[in-house]
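In what follows, chain A forms one complex with chain B and a second complex with chain C.
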Partner chain A sequence: MAIISVSNLTYQYAQSEAPAVNDVTFDVEAGDWVAIVGHNGSGKSTLAKLLIGILAADSGTIDIAGTRLTEASVWDVRETIGMVFQNPDNQFVGATVADDVAFGMENRHVSRDVMIRRVKEALLQVGMWEFRDREPARLSGGQKQRVALAGVMAVAPKILILDEATSMLDPEGRSDILNTIKTLKQKLNLTVLSITHDIDEAAQADRILVIDDGRFIEEATPQALFEHGSDLIAMGLDVPFSAKLTELLAQRGVAVPAHYLDEGSLADWLWKSRLTK
Partner chain B sequence: MEISFDKVGFWYQPGTPFAFQALKDVSLTIPSGQFTAVIGHTGSGKSTLIQHLNALLKPTTGRVLIGDRTIDAKTSNKHLKPLRKTVGIVFQFPENQLFEETVLKDIAFGPQNFGVTSQAATEMAQQAAKQVGLADELLTRSPFELSGGQMRRVAIAGVLALRPDVLVLDEPTAGLDPRGRRDVMTLVTKLQREQQMTIVLITHQMDDVARYAQNVVVMAKGAVVKQGTPQTVFSDANWLADHQLALPSAAEFAAQLSQHGFHFDPLPLTEEALVAQLAPQLPLKGGQHNE
Partner chain C sequence: MNNFMFGRYIPGNSWVHRLDPRAKLLLCFIYIGVVFFANNFWTYLLLTVVLLGSIILAAVPARIFIRGLRPLFWLLLFTVVIQIFFGAGGHVYWQWGVFSITHDGLVSAGLILMRFVLIILISTLLTFTTQPLAIADGIESLLNPLRKVHFPVATLALMLSLSLRFVPTLMDEATKIMNAQRSRGVDFGSGGLRQQIKTIVPILIPLFVNAFQRAVDISIAMEARGYRDGENRTKYRQLKWRSADTISLVGFVIMAGLVIALRQLT
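So, the complex of A and B:
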């Protein structure tokens, strides 16, 4: 059964002329990693806020783990979801980093011993344990993002929604964090919804949903979506490095394969073709 | 305008149990009219460093020379205002920079604050909004009723409208879609090339560093650990690996191909440079041979 089931969802901000989310329908199976991509202002964050009930839809329905999202059920539903917001400053509530990470567990009937252990585990996982007594506001941008991630990892919710949660991490930091989330996902059968402009993060997903002006315009595996080459830019994603390279090689008269190759396959192809020269 | 750091040390909350040294003995020069990139891991001191460029933060020890002004621990907060126009900073979290009633007023605030008439400021704001790709219909909205990427564009436009001599951008493309990212990078390069604006960019995008920067400053744990052109900084593979720094994608891929018989010299840093060296090592279409 789908853990997230959204049907004909529409939402329009009071002052605006067009819906920010427009008749959106999709399902996510438990344990899936789904990336949501789209250009700036296409409705990604609005959709995320609808899913956790910060905004209430004008029409359409949302079912989370079998429960219909309503005003009455919103608090129960939120217990199954952990969300990292686009700006971590909007998320901090604790006076110290450790308090902040613990906060999410306080309403979830977690015993104190377990709580202390999980705070430590989560902070170690994101490399922020040594900062546990610091004020969250007095951290660097990337450190804030790490603490925000630790906060949801400690809760180990069924569903994790990441709204550009790694946008300020350095490349190694980002891939470490993505690997950590991947491991958690496998261990706990987490469902991950990641909103991102980063091609490497999108490539981790099982499926990518493309949103454009509030509507879903495409759904595909990363491999299939990356076939779009330079059209990806209009979808709010960059062109994969291997696709850029293939195109430039073609312009120089090299007989490149017609299909999208990821970096590993392109390297293999290049070694083989060099031998035929 | 040239800015240089002379043995700068900086402590957050000095004299408290939380005192933390975020800059250590930093000496460097940001050359006038050039494009300088600042890179380094999370928490290495990049944002702290650039807030010294217009005296938002003052060195605890050492001094910063901004054009003909000297800033040190004793510099009074008076008379710093002109610096805020000469050196414009786009901060890492743009939301924290917005406050006006409408997007247009927000962007026009800077020039107006520095004595430009309201009409001229509005025109400057409209131009800046166009430069960063903000649609006209957004200009009358509240800046808080925007998406993350739209807010970032407003923050960038607000600083561009000041027409500073030195433009400092702290991860300006985080949260921008790829088109926005490319537009901002193209715009910034154009300002540097055509108007000799000095550009300082903090970024984690090594591909952008390779493509646009003339100088690179590498920070680690509050210290400057390397300075040089992208070619020098990225050519030292062992040093980079020791500091866990990434290569630009093209250089990384070239390094991988080198282990399988391909040859590159110098190390290509952009896709174009990579392909220029790679194509002659491959057979051409229809069985033609290169060379």
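So, the complex of A and C:
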């Protein structure tokens, strides 16, 4: 059974003319990694807010882990979802790293002994244990996002939603946090829903949903989608470096392979092609 | 901004640093209360000795305390001058219109100055040796009895600790905005008062707009993490009352008793 099941979901902001999310239907299976990509204003963040019940849908239904999302069940549903937001500063509630990780548990009435244990576990998982007494002002953006992730992990959700969680980080911080998420996903059998602009983040997914004007316009695997090349920009993704290079090589008459190559495999292909020449 | 020592925390691990914030708040309240009972040389001597003893136990260098007093220098001077000129009674040394320098005026100016300095120093000692967050925890804990009358103590404490947590963030942001304005040719800190106020406005407006956006974001993040209301939450951070706290509290109560006894001496 699908862990997230959304059907005919529609939401319109009070002041706007068109719905931000328009008749959207999709399922996510437990243990999957699904990326939702699209332009700014395509409705992807609205969708995330609908999923955790920050916004209430105009019509349509959301079922999370078998529970229908309603006003009465919203707190139960939030127990099963952890969410990491875009701005590292604006989700850091605690005064220190350890306090922030404990925040979600304090809300769930977890006893202090358990909290102390789980704060340590969660911080060790994301490699931030040495920073437990640091204040947020003395952390980098990437470190703050890792703390946010630890805060989510400490309450052991089934689903992790990343709402452009890497978009304010530098490339290093970005790949760092993506690797951490990959490891955690495997270890804890998480379902990941990542809302993103970033091609590297989208590339981690099993499946990519492209959203435009509040509607899903395409669903594909990363490989299939990245073969579109420059069309990706139109879909709201940054074209990966390897795709750009492949296209430029093709323009110069080099016989490049037609399927998508990531940077590593493109490099492999390049040095092998030199050998056979 | 960085020269501003008043209200700053000086990291350390002294005897005073290790005291429970609740104890330190109580000690501070007792001390300030007792300062108003002091009326003669012996009472002030006792209070000064206790203060100096506490400062020594806190192991914070004296020059930092003096630097902490500096921004308040003009306020002190102003109060003393007012007291000297307008205090009346006793022998008159000098008079000009409503202004006069009298014996009682000088004495009360001296006492006011002394009280002021003692109060400022003891509260500076509190902030130097206690992290703002610990002070917030201490206040929450001391306000706990108010829960009985449904006063939202925990919510207030969370508000306090959230505001403290965002002070450096907003300071950073203000610096960024100022640099952005500087790069466009704004000259801060020059020109007349009017001109200076004019240059502040383009800093405040973006700062306010961003602060509100942050507030919205943080409330969404808190809700997503399961925050429903402040009162029914478990607590990760806990304060520990140790024997040192009881000892210092008893010490200060004895000091208060002595001051009240010594009042009768004059």
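In this text, the second predicted complex is superposed on the first by the 239 of 277 C-alpha atoms of A that agree within 3 Å, B and C clash if a C-alpha of one lies under 4 Å from a C-alpha of the other, contacts with A are read in each partner's own complex, and residues count from 1 in each chain.
In this text, a residue touches a chain if its C-beta (ideal position, glycine included) is under 8 Å from a C-beta of that chain, and two chains touch if they have at least 3 such contacts.
Here the structure is a predicted model, which is why all the values come from computation and not from measurement.
Participant: Once the two complexes are aligned on chain A, which partner has more residues of chain A within touching range, chain B or chain C?
Facilitator: When the residues of chain A touched by each partner are counted, B comes out ahead.
Participant: Just to be sure I read the superposition right, which of the two partners does A:95 touch: chain B = first, chain C = second, or both, or neither?
Facilitator: second
Participant: Check whether A:263 is in contact with chain B, with chain C, with both or with neither, and answer first, second, both or neither.
Facilitator: In the superposed model, A:263 contacts chain B only, not chain C.
Participant: For A:172, using the defined touch cut-off, is the partner it touches chain B, chain C, both, or neither? Pick first, second, both or neither.
Facilitator: The answer is first: A:172 touches chain B but not chain C.
Participant: Of the partners chain B and chain C, which touch A:87 in the superposed model: first, second, both, neither?
Facilitator: Touch status of A:87: both partners.
Participant: Looking at the overlay, what does A:136 touch: chain B (first), chain C (second), both, or neither?
Facilitator: It touches chain C, and chain B stays clear.
Participant: Touching A:115 in the superposition: chain B (first), chain C (second), both, neither?
Facilitator: After superposing on A, A:115 lies in contact with chain C but is clear of chain B.
Participant: Under the stated touch criterion, which partner chain does A:164 make contact with: chain B (first), chain C (second), both, or neither?
Facilitator: After superposing on A, A:164 lies in contact with chain B but is clear of chain C.
Participant: Could you list which residues of chain A make contact with chain B in one structure and with chain C in the other?
Facilitator: The answer is residues 87, 89 of chain A.
Participant: Over in the complex, which chain A residues touch chain B? Could you list them?
Facilitator: Interface residues on chain A, with respect to chain B: 13, 15, 17, 38-42, 44-45, 86-87, 89, 134, 138-143, 146, 164, 167-173, 197, 232-234, 236-239, 241, 244-245, 248-249, 252-255, 263, 267, 270-271, 273-274, 276-277.
Participant: Sort out for me which residues of chain C touch chain A in the complex.
Facilitator: Going through chain C, the ones touching chain A are 133, 161-162, 164-165, 168-169, 172, 214, 217-218, 220-228, 232-238.
Participant: What residues of chain B sit close enough to touch chain A in their complex?
Facilitator: It is residues 12-13, 18, 40-43, 46-47, 92-93, 95-96, 137, 141, 145-150, 153, 170-171, 174-181, 204, 206, 244-246, 249-250, 253, 256-257, 260-262, 271-272, 274-275, 278-279, 281-286, 288-290 of chain B that touch chain A.
Participant: For the complex, which residues does chain A have touching chain C?
Facilitator: Going by the criterion above, the answer is residues 49, 52, 54, 75, 78-79, 81, 83, 85, 87, 89-96, 98-99, 102-112, 115-116, 119, 135-137, 151-152, 155.
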